[in-house]
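After the structure tokens below, expect a handful of questions from me.
We just call them A, B, C, D, E and F in the order they show up, numbering each chain from 1.
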Amino acid sequence: MKKIEAIIRLEMLDDVKNALEADNIVSMSISEIRGRGRQKGAKLMWRGDEYVREFVPKTKIELVVRDEDAAKVVKIIRETAYTGNIGDGKIFVLPVEEAIRVRTGETGEAAL
Amino acid sequence: MEIGKREISVRRLAMVLMMLSMIIALTPAVMAGDPTGATTLEEDPGAPVDYVWILICGFLVMFMQPGFAMLEAGVSRAKNTTNVLMKNLVDFSMGSLAFFAVGFALMMGTSAYMFVGTDGFFLAGEAYDVGTALTWFFMMVFCATAATIVSGAIAERPKFSTYVIYSVVICAFIYPIYGHWIWGGGWLSSADFMTKLGGGYGALDFAGSGVVHAVGGYIGLAGCLLLGPRIGRYTKEGKPIPIPGHSVAFVVLGAFILWFGWFGFNPGSTLSAHELRISVIAVNTTLAAAASAMTAMFITWKKFGKADVVMTVNGAVAGLVAITAACAWVAPWASVVIGIVAGFIVCYGFWFIERRGVDDVVGAVPVHGFNGTWGLIALGLFADGTYGNYTTAEPFVAGLFYGNAGFFGCQFISVFVNFAWAFGTGFLLFYVLKHTIGIRVSPEEELAGLDISEHGIISYPDFVYTEPARPTKVIRMTNKIGENEQERGGKGG
Amino acid sequence: MEIGKREISVRRLAMVLMMLSMIIALTPAVMAGDPTGATTLEEDPGAPVDYVWILICGFLVMFMQPGFAMLEAGVSRAKNTTNVLMKNLVDFSMGSLAFFAVGFALMMGTSAYMFVGTDGFFLAGEAYDVGTALTWFFMMVFCATAATIVSGAIAERPKFSTYVIYSVVICAFIYPIYGHWIWGGGWLSSADFMTKLGGGYGALDFAGSGVVHAVGGYIGLAGCLLLGPRIGRYTKEGKPIPIPGHSVAFVVLGAFILWFGWFGFNPGSTLSAHELRISVIAVNTTLAAAASAMTAMFITWKKFGKADVVMTVNGAVAGLVAITAACAWVAPWASVVIGIVAGFIVCYGFWFIERRGVDDVVGAVPVHGFNGTWGLIALGLFADGTYGNYTTAEPFVAGLFYGNAGFFGCQFISVFVNFAWAFGTGFLLFYVLKHTIGIRVSPEEELAGLDISEHGIISYPDFVYTEPARPTKVIRMTNKIGENEQERGGKGG
Amino acid sequence: MEIGKREISVRRLAMVLMMLSMIIALTPAVMAGDPTGATTLEEDPGAPVDYVWILICGFLVMFMQPGFAMLEAGVSRAKNTTNVLMKNLVDFSMGSLAFFAVGFALMMGTSAYMFVGTDGFFLAGEAYDVGTALTWFFMMVFCATAATIVSGAIAERPKFSTYVIYSVVICAFIYPIYGHWIWGGGWLSSADFMTKLGGGYGALDFAGSGVVHAVGGYIGLAGCLLLGPRIGRYTKEGKPIPIPGHSVAFVVLGAFILWFGWFGFNPGSTLSAHELRISVIAVNTTLAAAASAMTAMFITWKKFGKADVVMTVNGAVAGLVAITAACAWVAPWASVVIGIVAGFIVCYGFWFIERRGVDDVVGAVPVHGFNGTWGLIALGLFADGTYGNYTTAEPFVAGLFYGNAGFFGCQFISVFVNFAWAFGTGFLLFYVLKHTIGIRVSPEEELAGLDISEHGIISYPDFVYTEPARPTKVIRMTNKIGENEQERGGKGG
Amino acid sequence: MKKIEAIIRLEMLDDVKNALEADNIVSMSISEIRGRGRQKGAKLMWRGDEYVREFVPKTKIELVVRDEDAAKVVKIIRETAYTGNIGDGKIFVLPVEEAIRVRTGETGEAAL
Amino acid sequence: MKKIEAIIRLEMLDDVKNALEADNIVSMSISEIRGRGRQKGAKLMWRGDEYVREFVPKTKIELVVRDEDAAKVVKIIRETAYTGNIGDGKIFVLPVEEAIRVRTGETGEAAL
């Protein structure tokens, strides 16, 4: 099993989710993170003093998927989260050794 | 300190303003006003209680500003909070300055052809007078109320610079001219053919269902139409997707503040504490709001199985708007009826325009527009002939149900003129702005939020925001009023 | 537009209401009231200043509604915000309608056997009068205050539908009948045996420590007992675990708004601006609140090493409640003393009931109940014989410390009757509701929060909530007042 | 119930207070006051409307407390919210008690050598009088306003215990003594050499630009200097790094509440409703605030390309402060000019002190201090000779531009005395506290936030806080007013 | 070492934490996430318009534990987070290569 | 590639970020977590009732770095996040199998 961590633009979540759903990938978790990379943070102001908020809010999607689905999921995310501008985000793939569904106790791929 | 170009030009601005003011100040060769109030008091020893009453009621009306601000901020998303609030600061500030310079004179000055007032600019000369100042203050807070209504309708997408211009134009021209027709001795209230039709009085609007609220509501409608809906507000098929506001607490706080302020708005409009009818007005104001709020609540409860808070709040304000025109001329039971109808209008009115692609964030069109109109009509129906034209003396104002069909006719005329003027001038204003400096921010700015793009600020920097809180799928259409949904979503501005 | 079943039934409701109103409106064959106010003004040329005073004070009292709303929302969790606010909207709205239809007549109408009023329903007939409207308005905002107190006590767990019923019953019956006994010419204030005992006046309650606050507080106590504590509020052993509210800012804002509104509540209760004692009342109101707030603050500071904000706020309100009955009849120094005692009562009172399984979210029982009672007693002790029975004329009201033990006796009777009536009827009401339609949501709904389960809404959808902010372990018991802790936790409703 | 040591000592405290009160109460052998108001009314049948006016205006001024509370909480970080709010509760509560016990007597009591008042302690004896109570109430809310200004300047770092002491000292001594000089018949307003210089009147300050605001502002300046800036507020090189507040919504709500309350502050300062000039005062108050807010907004807009909300809000309050001294004596056009200048002062004033290491969180020094001073000067310049010394009778107050250079001189003296007294005593107070009990929390406590370290609370426990929202890098210096930046950052306290 | 990521119901955190603590597993990190799987989001309403909030708030627990503790920890979480209803959550096990305690510089299992 | 998860004190983020930047490590994501370990939570109070907030707010930094950078990054974080007091936090290193840059589609170390 693989864990896919995708860091995307806030406003792309809907599209990504819908595209994954269309391919029967429903289960996932999302959370708020803030990040920096090539993209610079916004220039902000407080009472006329300017400063930079260096970390840009992003959405992180986490999904654990079967090994054979990993490439497909990465591809879908890559394509739907794409805008072509700096700050589009990254996708990371990590190995997962075990998965357990709390409700049923199923383990392994059956638990996904 | 190095003085850059910008500092200079800011200074220049100040200089110009200063000199302008000087000129105004020196102009009045004839000073016939009573700036101390000594003469006024001598002539009318009962004046102090009237001054106290009118001023305090005016303060309460001014306090409706934070009510609107909180309500509008609450129904908007967190990323647009500062922008909404800034618009409220601007329309009260620019509005009062514009009304000082121009608006008041056009509204309450000596009438030219019953169409527009002509003196009292800058409160200078004769207008430097305690009585005039009193009137100015009370009229100004009403004007600012009309202005601020629009900001809630068109929230979350207009350009800030455009909004500044808008707020000047409405307070300097649009509102005052219409106000003149009703309250400044203009044709709607005072032309011979109107008073003949009405039976001694023309079109009436006690505290401004039409003058203030419907004007604000219909300008908002024009703004919404020309701006187009917010990104994501409608599906491609034109089905509405709700975009919840970021703080129900602010919404309810704002509504209660408005309700409180309305006790200045309506009873204060007697413009005299010697009119003891003020107590009846306070009662009517309460009952209409309560009835309307509960009607809206029960409608949503029945329809969806749950009592909806924003509709309830909209209902309360709608009831207040609806009773505003009639508050002095109807009995308490009638206020309840007017409020119940207002509750229906606000719910079905909102759903009606929503299906037609009007993205009215705060619900200003049904709340202030439709119910402002309903208020004018209700006055024409329910006025019960117990109270005169802002006085205890005859002729007493009576409506259709009390046998005066002519007055109902006056109100009917008033309704149309009101809509035509407000929507017409509002449309023209936003249309011109749209095709010159533009009225809408770019999609990128809108997605980022106006706080960042227009004001360089994050309103709640210490908390983690969650954009995806935005709903993403509509499960079923809740209402089928509108058949011919046009694909308006996303095409605005 | 397809008209479904629901639409029809909503319409039917409206029809019925409309017709009802019509009937009421047409009933009054005899119309002896003065709806314009012309006669009233003629008879009493000093009326305008009284009207202005009473109305504005009434507005301030109405403004206490958002004060309660903010305070109660602030001490509740974010997931119940909308529900708390909706309850505030409902009790003011349903309350004013119920008071309009029934309550006012029972309270202020012509007394039957000094037990209940009998006329003035729907403000119709003779009651369509500026003076009656004035009284109605002032009495209504007090009634709504009593109603709203309960919502804070029983927050975060009752069914919304039950609450709607409750708010009607308290405003139509429970409050008005007791109110009649004290302020409507009923037996507590005016029966011969009472006035004989008191020395020319019976039980008194200047602005409603008992009538408004203790009534609200003890109904809240009944509600808390019958509902049982919130899930997680006590350990299995019955030790309390605090559940912090979601916004201290709202708590403090609410408290300040209440304090402000109280200046309408207390000084306004002279019901006349010609009673210059209003200035002393304002002073007393300030001092009692300040003394009580600081007392509560220092108690927590001493006890826990840190000054607790919620107790300080509770203290401020407790001081206001406590001085309410006596505010016109005591000297400033006595107000400070009354406030200090109030500060002790609120702290130890809260801890006392908390140990006994009463989960009073906002602290309404100690703040409004116990201190309402203390206010009645304090009046019986400290009244200093400088001011009469709402008049500058004799007999001057004096308490135990000024030699009038009889009046202290009156107050003592009043205290018991007050508790018995409020707690008794409140208990009965909630008991009947509990065993018919039910008063508490399911545990699942409670865990999910009433916003989602009762209103289908998230109050702050743009922010990330953190449920685990809920405290999870009590490190030491902070107070040993209560020995016999019963295992009440989680068993309610 | 086991009674621990602490309970005993709290009880003892209560006992002592109780006995003290008793003594005070029994002292007045001679009771020449009029506690019912019967005599007062007889002597002045017009009194009710004055009482109503002064009281309601006083209520509005009291309501400025939540205005300050919200504004100050909003510009602070979430982790210090409770602390800021507690300070507001404390200064109103301790302040009113201190003013009751001592302050009022020093300010308004019979003057000794035109330096300090000497009677009326605890409002006992003769001071138990409706008129005195009225004055006390109005003066008290002003005093509390002065006190609360400081809390915003020195937010987010002082020890809470120190603040409690501070609030007593300012309300018992610092404010009242200066107040005596201007409003209590003291030397600045009434000494022969002053009235001779002014032309029949000495230094004036209609509603307290100097007495209230500049006093508060300059004590705040002293506090800021002695405390030093917050950790992280300046780079090692002394460049300021902004620390945004946690809620723009609270900032704007607070500002609107202040604006509303100011209508009590300024017009109410006539201390009589028979002065119809109140309407002009209300107009001037509005216009100055609007002009100043818009000036500040346009300055930031020009300078940075974006309209800054906090500066706009600071601008509004600055305009209110600036017009406060002159509000009764100038024409509307002059108010606009005064407001525009105020807008410049607040922006450049803030940047000026910020560059010099003064970490004034809310901007109290430029808003209340500098603009309080500007208000005194503006009065000396623009007073137009249309209104007398709180009366419609002569001598009319005129300033430099209207030919009275002497009065301008009076105001000049007043400006210096005001600064010297406020800054001097404030500095002394904080200096003594700093070197005895300490005035600043430890760096660990400051980093953790005062809510946790001083009050054991989290203000918004249901939301996820984000500390890193704090900005971390300054990209460019926005202003070059200050050349000789000293390395002050982080060295305070 | 293993990293255990458990996604559970908000209201079960207390029980899970207490059960782990009873077994001497004290160190952990928690965060707010929102997820979807079998469980459908809540039906919500705004001014009478209904919509679905598709992601349900959940609590995520992260613990890095010794290899030999992994099974035990999974078991404890599984048992205490269980309610038997849809939405009980999942547990994932990931490999961890290194752990360092900032305060002491200890590495490996000593750092846990 | 390695994923480095560092849990540090809120107030140390700035220093850590600056130190990493000085060494050309710019890309990272941060999020808010709350944790427990040796460090006890704060004693809090509500209306005079005391309780412990058991989880202490912390900042979590996540960076995916090249294998050869991992040790360096760990060292920098360890040194700059250090205060010597309980609660300084932990650093974990996890294996990463793949990384994709959404904007360009680059994969592997080129995507970091």
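Everything that follows uses one rule, which is that a contact is a pair of C-beta atoms (placed from the backbone, for glycine too) under 8 Å apart; a residue touches a chain by one contact, two chains touch by 3 or more.
The structure presented is a predicted model; accordingly, all values stated were derived computationally and were not measured.
Shared contact partners of chain A and chain E, listed by label: B, F.
Counting only chains that touch, the fewest steps needed to get from chain C to chain F is 1.
Between chain C and chain E, the least number of touch steps comes to 1. Which listed pair repeats C-F comes down to matching contact pairs by residue number; over half match for A-D among C-E, A-B or A-D. The rotation relating chain C to chain D, fitted on Cα atoms, amounts to 120°, rounded to the nearest 5. Between the Cα centres of chain E and chain F there is a gap of 18 Å.
Inter-chain centre distance (chain D to chain F, centres taken as mean C-alpha positions): 45 Å. A separation of 51 Å divides the Cα centre of chain B from that of chain E.
Centre-to-centre separation between chain B and chain C, using Cα means, comes to 33 Å. Touching of two or more other chains is recorded for residues 17, 30-32, 34, 43-46, 50, 53-55, 94-95 of chain F. Counting partner chains per residue, chain C shows two or more touched chains at residues 49, 52, 56, 244, 247, 303-304, 306, 308, 455-458, 460-461, 463-469, 472.
Pairs of chains meeting the touch criterion: A-B, A-D, A-E, A-F, B-C, B-D, B-E, C-D, C-E, C-F, D-F, E-F. Interface residues of chain D, counted against chain B in their complex, comprise 46, 49-50, 52-53, 56, 60, 77-79, 244, 246-249, 252-253, 255-257, 259-260, 263-264, 267, 273-280, 282-283, 286-287, 289-291, 293-295, 297-299, 302-304, 306-309, 312-313, 316, 331-334, 336-337, 340-341, 344, 386-388, 392, 460, 463-467, 469-470, 480-481.
Remark: chain F residues 3, 17, 26-31, 62, 64, 94-103, 105, 111-112 touch chain A in the complex. Considering their complex, residues 34, 43-55 of chain A touch chain D.
Taken together, the chain F residues at the contact with chain E in this complex read 2, 6-8, 31-38, 54-55, 58, 60, 74, 77-78, 81-95. Contacts from chain A toward chain B in the complex involve residues 10-11, 13-14, 17, 30, 32, 42-46, 50, 53, 57, 59.
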